[in-house]
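Each structure below appears as structure tokens.
Across the two complexes that follow, chain A remains constant while its partner is chain B and subsequently chain C.
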Partner chain A sequence: MNELIQESKVVSFVEHLPKTMLPFNNDLLSKASDVLKSIDFPTTRTEAWKYTRVGRIASISTANQVTREGKNLSREDINSTYQISKAGLTFVFENGVFRSDLSSGEFPVGATIKPLTGCDKDELALVGKSLQLENEVFHSMNTAFAVDGMYISIHDKAVIEAPIQLIHLITGKNTVSNLRNFIQIGKFAKAEIMQSFFALDAETSFTNVITEVNVAENAHLTINKLQYETEGNYHIATEQVDQAKDSTFTINTMTLDGTLVRNNLNIEVNGVNCMTNLHGAYVLKSNQHVDNHTIVDHKQPHCESNELYKGVMDEKSTGVFNGKVFVRKDAQKINAFQSNGNVLLSDDATVDSKPELEIYADDVKCSHGSTTGQLDEEAVFYLRARGISEKSARHLMVAAFIGDVLSKIENDEFREYTHSHLQDRFGWEF
Partner chain B sequence: MISIKNLHASIDGKEILKGLNLEVKAGEVHAIMGPNGAGKSTLASVLAGREEYEITEGSVDFDGQDLLELSTEDRAREGLFLAFQYPIEIPGVSNINFLRTSLNEIRDYKGEEQISAKDFMALVREKSALVELDAKLASRSVNEGFSGGEKKRNEIFQMAMLNPKLSILDETDSGLDIDALRIVANGVNKLKTAENATIVITHYQRLLDYIVPDVVHVLYNGKIVKSGPKELALELEEKGYDWIKAEVDAQ
Partner chain C sequence: MGYTENELAKDLENQEYKFGFVTNIDSDKAPKGLDESIIRFISAKKNEPEWMLEYRLKAFAIWKEMTEPTWAHVHYNKPDFQDITYYSAPKQTKKYESWDDVDPEMKETMAKLGISLEEQQRLTGTNVAVDFVMDSVSVATSFKAKLGELGIIFCSFSEAVQEHPELVRKYMGSVVPMTDNFYAALNCAVFTDGSFCYIPKGVKCPMELSTYFRINEGGTGQFERTLVVADQGSYVSYLEGCTAPQRDENQLHAAVVELIALDDAEIKYSTVQNWYPGDKEGKGGVFNFVTKRGICERNAKISWTQVETGSAVTWKYPSCILKGDNSIGEFYSVAVTNNYQQADTGTKMVHLGKNTKSTIISKGISAGKSQNSYRGLVQIHKNAANARNFSQCDSLLMTDECGAHTFPYIECKNSSAKIEHEATTSKIGEDQIFYCLQRGISEEKAISLIVNGYCKEVLNQLPMEFAVEAQKLLAISLEGSVG
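What follows is the complex of A and B.
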């Protein structure tokens, strides 16, 4: 056993990372470090990681992190390139470190927004409450080595109209960025949060981000997430969400770039009459890999969840969708819908799609579906027979396919921003 | 307009068209009739440029161009239009967006300017009225959830929008009730000019009561075996195809 522990790459991976300075609960910290001492990185023999190899993350040379002074950026750079909502509040992190010089200095009435480094122990008392650490290398690593992240507390009955945008930049070589966000939406409150991830001259860098969210009674939260880190960088994200009764939670996840992107969405629906919407679009090429693992756990009756994920995979890219819906014994009258569709644009692209339903209640309406195929060649011919070039015909169809998910995004600015990035990267008109 | 000479085409090694000849001039309407399996739809597919078919012999001259050398989209841009027997449903692609792209790519090919949004919408209104296509259908996804009749009307609507030189209607009448048939035929008749031409491929004579052809051809076993005036269609309706088969087989 001792030998095994010594072989663990986790220990050598984390030994060069600075321990978190955040005032987390001591039990949480000691549990996280215990886990890290006892396990290794998951292999494809681990069911949850069957199709996603993290070997390349494990072999990042963390001892040779090329850390540098914060990038020389101005607010204008942020506004012109990364800011999605002109009306919104913008907060910038570089490699997990809060850049106050690039961030909004104003805060809306009805909300407390600050970096975690500015929080006291009481404010962070609930951090890690629902997050599983056991057998979870990345959760434990994030907990033990979190650099910083955003604390957002929307007060009861507050309605924050302007989106709160968190911009995460990763820079440098072999950078490991453990980011932790903690979000509380008060009773009857409403807010929209954007999280966008970009790489700036980064190489073999790794973002490990956890966003913990509590949506209180009758509160409404939408998260719009854009993953646009460049090739050569790795990204693992977990959203751990607790929903109280009568609440609505929506997350739109757009994955358009990056070498390896894994999204874990763990939604615990702990109250009655909740609405949960999970939408995702992923459009990748070359050797890129995306893995969306979602869990919606219906524990209470009279709730609805809608899940729609669509992907367009070109060249040698690979995709994974694993969507699990639990409907617990007492959770009657649940409507749970799940759908995953994929279009493969090349013979070398692959997708592993696994929708799963576990239903223990008897009066529920649940459906799931998964399709993976190529573009309908008959339709391509039909469009060409009307004078449309083959290239435009394919683009029209891809745009229509993915547009199904994009149309779920209510924020016009976020949708437009996604469009323009799709256009930049793939030359597609939408 | 189009001159087809000794056309041979096969699919998966099986020869379907076996030396087909056909000449259609501007201002004319030609009907091609024939029993099932004669090669009617193959002819339409080959002219539209379906790549599954291999042309082994023959030539097709389309207004001075070698049609067989052109890609499907260039054939359409040169003014060839195929009304599909089974119009394809394309979820998510709106009819409007599709037609604007189509119209603009054709204009671009001809070195013309893009159509303005205002002119385009005016054109949509005018042409959809021609086939009594509900304006709502025009903005829905291409053919998605359309009834059989609506799909065929949508084909003629597209034809009206693109204003082709040569239209080939591939069994546009099949599956239509008499009202839809009349609407579709009316649309086609209104679009007829001295400069364009129409080839109507049909299994039934009924359509030809509404779209009156200048010439009726009988396609059998991969060839045009008989051509005649519009009365030939009536004769076929009355007597079926057996007498023609017998006539051909006897030769």
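What follows is the complex of A and C.
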């Protein structure tokens, strides 16, 4: 057994990575490094990773990490290409390192926003509080080797109108970027955060990002997330969310590119009368593999959660959806809805869907639905009969299918940005 | 005062198990424990040919290397496999030549269970042939001669091993290989009896075939095998029922059922499972770990219908491998859990052929402190063009201490497949009760009405003889509330 552990790929994977310099709690750090010494990368025999193989990530040669001198970019480059909303603050990170030279915007009143490297121990005391480290290679790796990330604290009763944008760039070959964000939304406060991920001349690089979120009483938070890293790059993201009573949390996950993308959403609803919305869209081609893994844990009564995930798979791509809704004992009057729709455009594409319900209270309304099919030929015919070319008809139908999810996005700029990038990537012509 | 939910919960708790009696029949038992000598003992007792013994020993070797599965959503104390008697047969093992030879005690047992073998012997026109299996040994098979005229073979498994070895060797383990899982391997090593059925080409079996399983002896495990082969173009409807006495210990039941539907054949397999579920403190009861699977060749159809009300722990997934083009698989299930019962049940539909269709209707009812899970797999392989699946899993919660869970797995590798899955979990709506009350229907009647309506889709699939029994069972399981 000991021999096995010594041969664990995790140990050799992390040995060249620089240890985190962030002022995390010592217990947390030692726990994370203990986990990394004791387990290996998950295999498809691990239930949570049944449909996603991480072998390609495990075999990245991490020995020569690119020096973090930074890519030669200007603020204008960022603002013209990657910035989604012109209003508000924009923070740019390259391979997990904060680039103040590329960041812009005015700091809003009622919020403390800075990179984690600028925080002290007290501010980061709550980091890792509800994140599971046991048996979680990527969570532990992120904790032990986090480079930097964003600290966002919205003060009580503050309403931040403009979205706070975090732009993450990954560059270079075999880069491993461990990013950590810590977000606290105070009582009666409201904010919107945009996170976008891009790759710039990157090859077999790996982004491992964890965003911890605490939403206090009566607070509202929306996260809009866009994943647009190029082919050949890997991405694992975890959102660990803790909701207090009367709060609302919404996350829209748009996955457009990336060879292997895994999103873990762990939402713990710890207060009564909460609202949770999880929306996601993934439009895939070539060899892409996208896995959305969501957990909504209802621990208190009188809450509602809505989940809508839609995917279109073309060529040899694979779409995975695993949604889990827990309703704990005595968490009565819960309405939980979960829906996953998939369209397969090619015979080489694959869909694996696993919508789960685990319910321990009786006065609840919970349902889930999952469908897999193809574009309706009759609808295609209908459009063609009206003078629309077959290609356009199919594009129109894919766009409409995904449109259900896009229409859930309240921020117009984010929705339009996503739509236009989908249009570019898939050559949609209507 | 109206009938309240609390009263319903109390009634549910207090309902008694009706089949908990023990029959005092001397039995011939093997010593407790499991090793090669026990397997040789069983094989020798059954006077089995050499190949059968080899098969058993091979399975035993495989089983020893395996570990018990833990992925199911159930919690129980693992059975001690050395503390089980693997062979127990009612002592009088000689073949019954006529019905009159059957031990009167045994006849009484059957009468108590409501199996009217005796009546059937006299009355013509009753259309069920029964194979009665007690402590995994087949004790009586009726209507054999009449079926024989059509070329239908319906006998105990050990008889089939003796008399039709070519069929048994060809099909046994072809659907559930001995390496399939822990309990299937165990069953292959120690199975004592079961039923065998072969329907020849083009024959439509004129009556329902039925097996009745009963665990009688204490400290025993029941390991039976059922093998049903429907040759080209044939049809058979097969029924299975089970009960066990009330005992404080947990008895193990690990069966294997294999169905083979050749081209254009159809098998309808119905189960009413009512093993002893344990008392209201959750003490005792049967551990029901069963592997059931069928394979469909071209244009064939297999339909599983089950009503699950018994067992302390159930772990059972009747599955269909839709190998042939145009084949059809169906699964209809009602699972009722009460007190401390735990059920993890569902199905697997594996679509391999083109134009294959599957339907899954699963209805769970949880009461008391029970946990009821649906776990299903729908797998569409690359070449299964135009495959179609529809799944619906509903759960009904009767108390605030029980749980209902759904774990569907959907895997699709073909772009012309259509898969739909939907699940709901809820309790009986106050508005539904109110609607009934308004129309002069008492609360108790209303609950009964709603539960019956809820299960109707599945109960409708059962053959007539069984539907009555299933309805009675549902009533017993939820006695006091459901009239």
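As a convention for this text, the second predicted complex is superposed on the first by the 423 of 430 C-alpha atoms of A that agree within 3 Å, B and C clash if a C-alpha of one lies under 4 Å from a C-alpha of the other, contacts with A are read in each partner's own complex, and residues count from 1 in each chain.
Just so it is clear, contacts are C-beta pairs under 8 Å (C-beta built on N, C-alpha and C of every residue); 3 or more make two chains touch, one makes a residue touch a chain.
Bear in mind the structure is a predicted one, so any value in this text is a computation, not a measurement.
Participant: What does the overlay on chain A give for chain B and chain C, a clash or a fit?
Facilitator: Aligned on chain A, chain C fits beside chain B.
Participant: Tell me which partner touches more residues of chain A in the superposed arrangement, chain B or chain C.
Facilitator: Counted on chain A, the partner with more touching residues turns out to be C.
Participant: Thinking of the overlay built on chain A, is A:403 touched by chain B (first), by chain C (second), by both, or by neither?
Facilitator: first
Participant: Would you check which partner chain A:383 touches, where first means chain B only, second means chain C only, and both and neither mean what they say?
Facilitator: The answer is first: A:383 touches chain B but not chain C.
Participant: How wide is the angle at the Cα centre of chain A, looking out to the Cα centres of chain B and chain C, in steps of 10 degrees?
Facilitator: Between the chain B and chain C centres, as viewed from chain A, the angle is 70 degrees.
Participant: Where does A:392 make contact in the superposed view: on chain B (first), on chain C (second), on both, or on neither?
Facilitator: After superposing on A, A:392 lies in contact with chain B but is clear of chain C.
Participant: Look at A:38 in the shared chain and tell me whether it touches chain B only, chain C only, both, or neither; answer first, second, both or neither.
Facilitator: In the superposition, A:38 contacts neither chain B nor chain C.
Participant: For A:358 in the superposed arrangement: first (chain B), second (chain C), both or neither?
Facilitator: The answer is second: A:358 touches chain C but not chain B.
Participant: One more residue to check, A:12. First (chain B), second (chain C), both or neither?
Facilitator: Neither partner.
Participant: Output check: A:230 vs chain B and chain C. Expected answer is one of first, second, both, neither. What do you get?
Facilitator: neither
Participant: For A:330, decide between first (touching chain B), second (touching chain C), both and neither.
Facilitator: So A:330 only meets chain C here.
Participant: Chain B and chain C, closest CA-CA distance after overlay, in Å?
Facilitator: Comparing every C-alpha of chain B with every C-alpha of chain C, the smallest gap is 15 Å.
Participant: Help me check something: in the complex, which residues belonging to chain A touch chain C?
Facilitator: Contact set of chain A toward chain C: 47, 51, 329-330, 332, 342, 344-347, 349-374.
Participant: Along chain A, where are the residues that touch chain B in the complex?
Facilitator: For chain A paired with chain B, touching residues are 376, 378-379, 381-390, 392, 396-397, 399-401, 403-404.
Participant: Under the stated contact criterion, what part of chain B meets chain A in this complex?
Facilitator: Residues in contact with chain A: 48-50, 71-73, 75-77, 82, 84, 87-93, 97-99, 101-103, 105-106, 109, 141-142, 158, 162.
Participant: Contact residues on chain C for chain A in the complex?
Facilitator: For this pair, the touching residues of chain C are 71, 73, 380, 382, 395, 397-427.
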